[in-house]
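One structure, as structure tokens, below. Some questions next.
Order of writing sets the labels: A, B, C, D, E, F and G. Residues in every chain begin at 1.
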């Protein structure tokens, strides 16, 4: 079973905090808006512009991304904690 | 009797929670914004852009979709619980 | 005496609740935003886009439509209860 | 002395309630947003689009129009009660 | 010394109330939004559209205009009470 | 050391009130929104439109401008009181 | 390990206040909106316009920039205090 995100939406699997600190990023406790890491599971075809043109997303399945903590809609699929984001909510891609 | 949605609207039939868990998606009780599953009953012709161009919807009748719980307008037709959404409210399509 | 709606406006005659349930649609009492049925009396020429192009409306006089309960501006003409909507307020067309 | 409305503005003379009911339209006392009738005195050249194109107004001097009660800016000219509306505030034209 | 308004701004000199009533316009005391008269002193080159095109203003220096009372930014220049408006704030031009 | 403003930003040096009244403009104490004078220090390349086109600013370094008192971001550079405005915040250019 | 900002985002390393005053800019304590200095670490490809066109950013890695204090999202990477801004939040580039 699979979910195909619509438009500019991106389905991600949130990474645990321990996994994140091992990866080198530490998020300060007093940060106003704490970013989190996630792995991209599936991406929509992209944002549809007013003239019907589709703008391909910058992220792809497998990318590790940073996003703002309170973004998106939570859902669980086969015991995995997933989140449906908009590409707009993604701050950056982590390259290792 | 049939309802033809206007513009970018999509008429869906909400699926029961039991039916959803059997399908593999579990929605956490404490999720801020719980998505639900629904089956697409009818779709509008699509969003009309400012230049009059019609942008065809990504979903079609029969698709099983995920949408945010408080989206749309409820209506009952012949004892079926229906919801009129905008395509924008649809998070993704479930492929099985 | 007749009223010609301007732009994307649509003049409708609201149908009574009894008439609606006979037609097969039941609106739950606890619905947040209860849709109603109405018959289209007259339509404007359509929305005028920024480049002056007119986008023809999807509805026409005689259509039975669904709309959100608190939409539009009420007026009475020769004892008929009319409502001036925008096409945007119309959820769908009922085909029988 | 004359006033030339600017852009998409329309100068109208409000018609008295008695005159309106004689004309066949009755406005319910409990209507949220009561429309009124007025006679168009002068119209601007029309809305100027972002590309400089002028979109001619749908109404012309002499038309009897319906508008929402709290729209526009009141002014008196030679004892006549006038109102400066935007074309957007006009609901429809009354044809007799 | 002179002020050149920027973009779609219009510099005007407010006319006194007595001068206005002599001109034939009386503003009701209970009007929600009382318009005032002013004489145009200088105009900007016009609104700059997104594509860089400049849209020439409809008013010119010397025009007597009507504007909403609480519009614009007040300034005094050589004892004259001036107001910097946007063309958008101007309701109409008075032709005598 | 120098600051290059970004996009449609304009860096200005605020002129003292005494300097302003000598120049002929007096600002009423009860003005809602008191404009101030400033000298342009540096300008950005201009606003970037959606199609990537750059719209050159109307002001240039050395111009004396009028702006609304609470606009912009204050900063001090080598004891000079500077302000980073957007061109949009500038009301007009003072020509002497 | 590296972070690639998305779209019009810019990753910066905030400079300490002492370092800033040595550089010649003093920020008044009572400033409404205190700007800070930062060094650009990485930039996104630029803003994606509605027609899919990418607008290259004005800043590049290594630039020292000024930005409004409460902008962006804080994150720590290998003990460095970083901030993810949008290019829009950057007031100017400091040239020395």
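Here is the rule we use: contacts are C-beta pairs under 8 Å (C-beta built on N, C-alpha and C of every residue); 3 or more make two chains touch, one makes a residue touch a chain.
Computed from a prediction, not measured in an experiment: that's the story for all the values here.
S.K.: Moving step by step between touching chains, how few steps can get you from subunit A to subunit E?
M.R.: Steps on the shortest route: 3.
S.K.: Let me have the rounded angstrom distance from the C-alpha centre of subunit B over to the C-alpha centre of subunit E, please.
M.R.: 51
S.K.: Please work out the Cα centroid separation of subunit C and subunit E, and write it as a whole number of Å.
M.R.: Computed from C-alpha means, the inter-chain centre distance equals 41 Å.
S.K.: So the centre of each chain is just the mean of its C-alpha atoms; given that, what is the distance between subunit B and subunit C in Å?
M.R.: 23
S.K.: Can you pull out the residues of subunit C that are in contact with at least two other chains?
M.R.: 50-51
S.K.: Under the touch definition up top, go round the ring from subunit D by way of subunit E and list the chains.
M.R.: Putting subunit D first and subunit E second, the full ring order comes out as D, E, F, G, A, B, C.
S.K.: Under the stated contact criterion, what part of subunit F meets subunit G in this complex?
M.R.: 1-7, 9, 11, 42, 44-45, 48, 50-52, 70, 73-79, 84
S.K.: Going by the contact rule set out above, which residues of subunit F touch subunit E in the complex?
M.R.: Contacts found on subunit F: 23-28, 31-35, 49-51, 53, 55, 58-59, 66, 68, 87-88, 90-96.
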